[in-house]
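Below, chain A partners chain B and then partners chain C, in two separate complexes.
Up next, the complex of A and B:
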């Protein structure tokens, strides 16, 4: 970072001097200066193709005599700017010291009008029924730079409609402006070159190679990349107009990569999840599988009732009963790397108060990593469990030692939070042998045997933080309200208050952070609201000795 | 085909001699490969120097000095250097390279191997258009013959320098004549021209290595540069326009064909009326396309006044324009690939443009917006005009579409498709306006692509 800062150079965009890193392209440079250079094909995280020609600008450089290298001066003794004879594309032009750029001249205005006219020439203009309407670059730039009327008296080209490119992506070739973003994403980012163009000229048609399908687990990124409504998501298509959607910043819980996301919802219903740019974590990408996780909110197996011995009770009754069970006899806890940092901290406090000598049990959820944005650890927050003191060792595949302790009669009460004990290797007999408190979002195989059931919230219904594989502390916000279910932190604080003699216990994310920033060294000076959109790296050096399961992925190298 | 007295044949010296065959024995009998031996006795830099001294300019269309192009090669990168011969001759009206390849393929092979040695290329390619299957076969045979005699391949003539020559056939796309499109095509990709900067072939060409792409005729001239020495060669033609050029003459002339003429030593009038035998009886010159269909059209009877680059004033009629590189440029057009298309007053000029537009719309690769959309739009308009639905506003609309394309595309195909429309409207606006008055007349049976 410091290198880039040292290499700042001065360029002049529309006669305003701006300092930009040397070598940055002019689209990004203008953005830094608060100026928009419109573009369709350029994308920060894709190779430059320069085909849309929307970003044409006039560029001049300080003149130097070719023979002597001396600056060429004008009559006022100021170095003359040698303007290039033709406009050039900003996306493929790198800033050089003293460069002058015109983004608003009459020539450039004429260029943009021309490009807009050409792009709209064969475009169906079916915005009223197009999913992209409202978030369409073509629509936006047509408003900003378009002519507003058509000079074309000819018939438009006819191309394939509703082509199924793969299980999750549908293509409308007539809307396609041939920017090749999707093609470049597949070939250059995914190394899975399934998309290409057939035909030539204006009849060019985007399609899959014969016998191939756009079916990789990142195919929906092509939909995000598509500046128009050519590529649409089978899942989202025709479900909701984009301008009705509320955007909430969130974090994907698919794995310990901690992909940054935006949750789109309306009136308490989530319609889709899109990636949010974070150049330190996921660039602009996310997996298709991660986008489906919102479906867990309205799943049939969702837990909603507070129960004692299977009978519905009020939340308060259930929480008091849970606290009573935890206070009487020996308790064991199964914590979770799926819980937020705040929840893990609260659980750790409860464990401390109930005087349990048994450490908190954590269950491993390991899968195959894809080397990109899904890591081997399929939980979002194991590092949080380490830093909050919930555990100090790796999670286990099967909790056989816990089972043995139950068999030996050493455990009276088992509290399982967001984990199914049966999936973690305990037998039904073992669960029946103890008083089982289950707190979770969904019913599991074991929940029917629970003495107390405490419903919890999904990541979309609460706010909090996760710590990803890089020890990056990242914040997620509440996207949709939860009806009838208490926030997990509220439930845990009620239990904590009941099992401890403390006068007040933290009841919200902010007060938990107040407590944590004082007691946990790596969290010093951090408050919930101080965590930026790109997250904060926290010191995880105390845990360097642990054999973390993650292999290499985008922006992550495991320690040798 | 007998040689006209105004011709000066260097490249095609033997091509049309009776009994001259495209095999190596015949070539050797006529002194073939002597210049290869001569070049290999020189240092590579010396050969480059001679080429620079000769002032030879690219015969493919742009007329860029070949010696300077070679100088741009990035030799610091340490990457292998490639030489590519552009034999994708497809500019409508051009048929000169075909003569060389069909009648004297060894001359090209010799020119390529000398050039490859001069720039120290690791590998050389001939990219030949799909429509010349016989030419590809002849070249393949010539390469095998030359390899058998150690004129190419390993350790050429014991010099320690090795270079293979590969014939690569295109798949029938005009855009493959654009050098970066050609390079993409050799790499096995769709021939989308690359953006420049950064992909100048001399630095980031074939497989991202320094690459030189030269036209067939240009590479053949290298043989004669070595034969005569650069200095002596540069005396051929006129200063700045050295050597001979093969002009492809077509259209409404009595003797269409290819004519090799010393640059600047004859005029378009000489070519059309003297060498070409003139127009058909009773016909007048309506239009002249001076350098391939993409060059800007000249109207019959036009007069041009101005100053040449060296300051000499000129006052030319169409027939007075010298046949070289700079003169057609001085009158606002270009000599391009040397394809001269003569159009007499028997044809409808709108139909001529409709045909040209159909070609460029068909050949636009579709990569960048202005050319992709603009070329087809212009085709649709001129086709409609020819089908009896011309409108008074069409001329201005066409010109403004052309203005929205030229200078704003990735490659020169933007200019190639815009210039005909822009120049036809500029020179023949009256005919386009008139067309809207006589909408009853339907286009004849001229098939559009």
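Up next, the complex of A and C:
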């Protein structure tokens, strides 16, 4: 990467000089110059196939005499540009020093109009019922280069509509423009060549190989890649039109990879999650399972009531009761790597005030990694727990030591945050022995025994940060409002204020970051708003000795 | 402001009796009794509504009884007072219209918000929403004034179709040569 950055060359796009890395292709080079070369089949993270022909441009290079190698000069003494006789595709042309590119000439416009006419020959134009409408490249370029009426007297081809390619993807073949992005994604990115074309010419049809279906956990990326509405997601199909959806930048909580996402919502309802490009983390991809996580917001098991001994009370009463229980006896805390950095820091402050003799317990959520975008650690923010001082060792599978401490009568109050103690290995009897405070988003097996229940928010209803497996600090924003539930940070700060009798405690993400940037060395000079969309790498060298569970995945190599 | 007193002409004897004034008023009244009638006895009599009148927006079916709306939500998007609310849905396989794929699960127009601008009709790619000749929308509750899908189809009825484009599409797919 650094090589390419140092090795800048000058090219001229529509007579404007641009410095681009050597060897970059012309579509990306034009993008760097702020010009769009329309394209369908080219995608930054896929191999070039060059079959849509939409990105045709005129290219010329400075002329040199073939025999002598001397520059050919024109009458003004300037090196003559030798224009190629025919347009060539920009996606498969690499920038060379002094190259001239015309992206807006009459020839190019005619080319694009011709390509669009061919592409629209058999396109059904059923935009009103097509899910892609509003975010469709064909629709966009049809307004730029489309004829507006058809010269074709013949009937359009009939192809299969509503073919189920897999459990999550439906194909409308009439809309397909044969760009082969989905084919290349499967064969080159997933190394699972499921898709291919059969038939010939305008009858070409996208199909799965016999006996196969598009069922791998990354199949929905083909839907994102599809420049038209040929591939649609079974989950999102016909749910909402794209132009109503508000986009919120977020982070996937599926695993410690920390996939960057965009949450699409309308009026407080989330309709889908799409990947957001981050070349350091997830390129443009995300897993199908991660896309379904938005369903946790409206789950039936969602906690909504603040309760004391099962009776609904006001948030303030519940928080005061929690603080009273925490300060009245010996407390133990179960923290979570599912919480954001800010929440972990707040919990660490509460622990400092109340549970000094007992450490914070963290529960391991280890699953099988797929070596791509799901890592072994199925929590998004274990590194945050390390940096905020919530813990300094690896999380445990079973909290048997905590159970033993409860059995020995050493603990009066147990505060569990976003973790189910029963799933973490404590028995019902052990939980009944202590005053159990449960703060979480969903009811769990243990929440019925809770002395105080404090509902919390999912990642979509709050803002904050996570630190992924690379020690990359990444920010997520609030996508939908929460109804009747306090922000976790507000709840924690109310508890902290009650147990510490401090005059002022941080109450929002920004003030927590002010405090953290002063007290935590790797967070020096970082504020919440200064974290860029691609995240910030923070120094995690203090924890290098820990045996992290993650194996190799995209853009991540475990330290040996 | 200073008050200026204007001298009035004193009334004559005839004017003091008021009789000439009453008679001249009655003359107009009696003359109008025999003139042609220009008003309507609403609501027993209804005005003739011109064809391009913009009345209450309604949903219509085609002559085959198929609901034309495909829930593309363009009317919802274009509606200036945001009166329209659509819940999109899909059409059941084996319903005979499965090739159309989409239909509204619910369609609500809040007639308290509607401003009768007709943009929904103008934008509709399926000619499914039409402002017809109903000009008096009323009800006892606010909820009553939010017209749901059933009510909108009752008001809309059936309109002639020039294109039958979905029937043509189905025919084409049935007759298509196999490749």
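Here is the rule we go by: the second predicted complex is superposed on the first by the 557 of 560 C-alpha atoms of A that agree within 3 Å, B and C clash if a C-alpha of one lies under 4 Å from a C-alpha of the other, contacts with A are read in each partner's own complex, and residues count from 1 in each chain.
Assume a residue touches a chain if its C-beta (ideal position, glycine included) is under 8 Å from a C-beta of that chain, and two chains touch if they have at least 3 such contacts.
Model, not experiment: these values are computed from the prediction.
Asks: Counting only touches as set out at the top, which of chain B and chain C does A:239 meet: first, second, both, neither?
Replies: After superposing on A, A:239 lies in contact with chain C but is clear of chain B.
Asks: Which partner chains sit in contact with A:154 here, chain B, chain C, both or neither? Use first/second/both/neither.
Replies: A:154 contacts chain B only, not chain C.
Asks: Scan A:199 for contacts with chain B and chain C and give back first, second, both or neither.
Replies: A:199 contacts both chain B and chain C.
Asks: If you stack the two complexes on chain A, which partner ends up touching A:281: first (chain B), second (chain C), both, or neither?
Replies: Touch status of A:281: no partner.
Asks: So, A:37: does it touch chain B (first), chain C (second), both, or neither?
Replies: Neither: A:37 stays clear of chain B and chain C.
Asks: Counting residues of chain A in contact, which comes out ahead: chain B or chain C?
Replies: Looking at chain A, the partner in contact with more of its residues is B.
Asks: Which partner does A:303 contact after superposing on A: first (chain B), second (chain C), both, neither?
Replies: After superposing on A, A:303 lies clear of both chain B and chain C.
Asks: Go through the superposed model and pick first if A:111 touches only chain B, second if only chain C, both, or neither.
Replies: Once the two structures are laid over each other on A, A:111 reaches chain B alone.
Asks: Answer with first, second, both or neither: which of chain B and chain C does A:128 touch in the superposed model?
Replies: second
Asks: Which parts of chain A are touched by chain B and by chain C alike?
Replies: 155, 157, 199, 203
Asks: Quick check: in the complex, which residue numbers of chain A touch chain B?
Replies: Its residues touching chain B are 48-54, 56, 86-87, 89, 92-93, 110-111, 113-115, 117-119, 121-122, 151-155, 157, 177-178, 196-197, 199-204.
Asks: In their complex, what parts of chain A are in touch with chain C?
Replies: Going through chain A, the ones touching chain C are 127-129, 133, 155-158, 161-162, 199, 203, 237-241, 243-244.
Asks: In their complex, what parts of chain C are in touch with chain A?
Replies: 70-74, 76-77, 88-90, 98-102, 125-126, 172-173, 176, 179
Asks: Which residues of chain B touch chain A in the complex?
Replies: Per the touch definition, chain B meets chain A at residues 173, 190, 192, 195, 197-198, 361-370, 372-377, 380-381, 384, 391, 397, 403-405, 407-410.
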